[in-house]
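Next up is a structure, given as structure tokens.
Just so it is clear, A, B and C label the chains in written order, and each chain counts residues from 1 on its own.
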Amino acid sequence: MLGKYIEEVRNNTPLVHNITNYVTVNDVANVLLACGGSPIMSDEPEDVEDITSICQGLNINIGTLNKRTIESMFIAGKRANKLGHMVLLDPVGAGASTLRTNTAVELMKKIKFNAIRGNISEIKTLAYGSGTTKGVDADVADAVTEENLENSIKFIKEFAKKSETIIAITGAIDLVSDGKRCFVIRNGRPEMGKITGTGCQLSGMMTAFLVANPNEQLEAAAAAVCTMGLAGEIGWSYMKEGDGNSTYRNRIIDAIYNMDKETLDKGAKYEIR
Amino acid sequence: MLGKYIEEVRNNTPLVHNITNYVTVNDVANVLLACGGSPIMSDEPEDVEDITSICQGLNINIGTLNKRTIESMFIAGKRANKLGHMVLLDPVGAGASTLRTNTAVELMKKIKFNAIRGNISEIKTLAYGSGTTKGVDADVADAVTEENLENSIKFIKEFAKKSETIIAITGAIDLVSDGKRCFVIRNGRPEMGKITGTGCQLSGMMTAFLVANPNEQLEAAAAAVCTMGLAGEIGWSYMKEGDGNSTYRNRIIDAIYNMDKETLDKGAKYEIR
Amino acid sequence: MLGKYIEEVRNNTPLVHNITNYVTVNDVANVLLACGGSPIMSDEPEDVEDITSICQGLNINIGTLNKRTIESMFIAGKRANKLGHMVLLDPVGAGASTLRTNTAVELMKKIKFNAIRGNISEIKTLAYGSGTTKGVDADVADAVTEENLENSIKFIKEFAKKSETIIAITGAIDLVSDGKRCFVIRNGRPEMGKITGTGCQLSGMMTAFLVANPNEQLEAAAAAVCTMGLAGEIGWSYMKEGDGNSTYRNRIIDAIYNMDKETLDKGAKYEIR
């Protein structure tokens, strides 16, 4: 029963510092507000230590990284580690460029992350040092399916154990593991792939869930994934003739805004392996 | 009767140069278009003098400041001052970091602002040199309430007089003062706090109102505040089952788009103290 | 019959690298997804060669240019040229500042563009070296009208021939020419001017259309223009009481998402001159 984890977000209003891309940043902010958190964005090296210090969580997303913001990621990450804050990495496009892959790998070496959330191609890149990322979307050849589920679970558990971090791989089937257990989640809709940034939004929200539930981090991360997927299902149910991906984007955020314990308890579709 | 001030915006289509954060910039642009203005964004030191020169107003927002854009703020501000343009400061997160506080204070020293709009914590930081800003949201302990209204009015009048600028403090109760008079405004809804950037949007819109009404700047600034709050009320009246903060964001901008003289005249709730 | 060109976009899912402004970037991404493409954004000099190499098209938009992103535009453009990718230029604000004008002119010298899309003032600036751009919007004095249509067609044909590029001038009447033929397009609605970034969105979408239809580039570019204008008409037909420019923005993207061959075949209003 994962509903209580969103309740804790609403009770605690976690303040989350985001160093994130300028493509989806507005949606990340509105999703953080929708789930009960509070967002702040800052990516200047001289600003990030102060800002992250007044927050409880840090969400690092490399979607439109540049040299200045990369420097800020390391500065903020180290400070957040020192203060014992929750820190999450979203390795957008790892595998698509040397800079992205190296930055993500280097961040994993220097910063202790509580969770890393990406698509299967990005996570495989981090695990194996190279990947087949097709831009910022996962390569179909990599996708987690019912057919390769056993092997995918084995892969994520091993990588989570080795990296000592919760790993979340999102796609048609979502996997969330801490190395021991693996949540296999079947919420969501394929049309969510037609909206830019649902992954980025989830990373921001997951950071808030981790902050609000520090003693059950795996469950909290899984609850965030279920919330996003279930919001995709609920949002879809409000779609009318003529609606498309732009209205769907609003509908999903609206559904997160209206998500309560009972709805999440009932709607979350997961098994633990 | 504040309706005529938005009419003047629609009659004059003020071109507003925005140096603003990348979180809410799209909404700021759409709000400027909604109220009858025209937005242009530019934050490169080599570009801002030219751009601000062809505009009539400048909106400086430090929400995601960095060293490059800070330099641009000073360059553009000086040029705008020289040309007699309306200039507004939105000190996002002043009090939350040394860089933000110092930048806002330094801007106030070097640039003549027609108006400064922020939440109570940000404005207190500028007035007292330190604050209790909780991220980019006001600290509850600072909030303007019916109980402390007298003292809050006294505070804003003194600070407006001292800084020779119109000060706008927005929150549950909004205050706008030029040091002599203070508009106390009771439009708006608490749910507006669940949308990122309503403050940034208001700052952009206020700049357009000032440009279009140069001889009644206090009234123009107050009219912008009333427009935003009233749009929050009207937008809310269109909300349906399943709607949340993302749809509400659209509804508010839509309500600004549809705001006319009569609606604003009727709906503005203010007293002058 | 232009419907088949959007069908090719949906069949090929062209991956488009965008170096674009932070004002409208989210809408550009969602429009690319809506029409059947896939967006990736990257603007760091050390990142853009890798990113553009895995794409099939490059969309360069100078809306919020800075020195770092200008460098990236040249690096990515040269690489894209080398790889034979489709490359498009959106010269936002050319004529409004020396930096913008010079950057656009220099890009045209160093990079081979398949298409350049702008408003009439921006394109006149590129053609004559100076313009009367009013901010990022076209000057009314420049507008293409039924009265000056003959001369406008002559102008665009000459400039397209001279620059060896498809030129698209969008406004109340849209013109798209390769120097020999000129599509005169009468889709769209005036209210589209009250939304920020419909031009930027069109540039992103046009890049995807060019990638998917490399052997009929003029038709593909014209089909993208018709798609945008027709989406503006269809989106408007869904507008209800209380709706404004923010909802209209969503409705237009939704209409692109739902656009199919038949709808575009029927709704495209153009003549070839």
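Everything below uses one rule, namely that contacts are C-beta pairs under 8 Å (C-beta built on N, C-alpha and C of every residue); 3 or more make two chains touch, one makes a residue touch a chain.
Labels paired with UniProt names: A, B, C = Hydroxyethylthiazole kinase.
This structure is a prediction, so every number in the text was calculated from the model and none was measured.
When subunit A (Hydroxyethylthiazole kinase) is fitted to subunit C (Hydroxyethylthiazole kinase) on its Cα atoms, the angle of the rotation, on a 0 to 180 scale and to the nearest 5, is 120 degrees. Looking at which positions face the partner, subunit A (Hydroxyethylthiazole kinase) and subunit B (Hydroxyethylthiazole kinase) present mostly different ones, since fewer than half of the interface numbers are shared. Averaged C-alpha coordinates give centres for subunit A (Hydroxyethylthiazole kinase) and subunit B (Hydroxyethylthiazole kinase) that are 33 Å from one another.
In subunit A (Hydroxyethylthiazole kinase), the residues that touch at least two other chains are 22, 26, 249-250. On subunit A (Hydroxyethylthiazole kinase), the positions that touch subunit C (Hydroxyethylthiazole kinase) within their shared complex are 21-24, 26-27, 63-67, 93, 96-100, 134-137, 194-197, 242-247, 249-250. By the touch rule above, subunit A (Hydroxyethylthiazole kinase) contacts subunit B (Hydroxyethylthiazole kinase) in their complex via residues 15, 22, 25-26, 29-30, 33-34, 38-44, 46-47, 50-51, 54-55, 68, 234, 238, 249-258.
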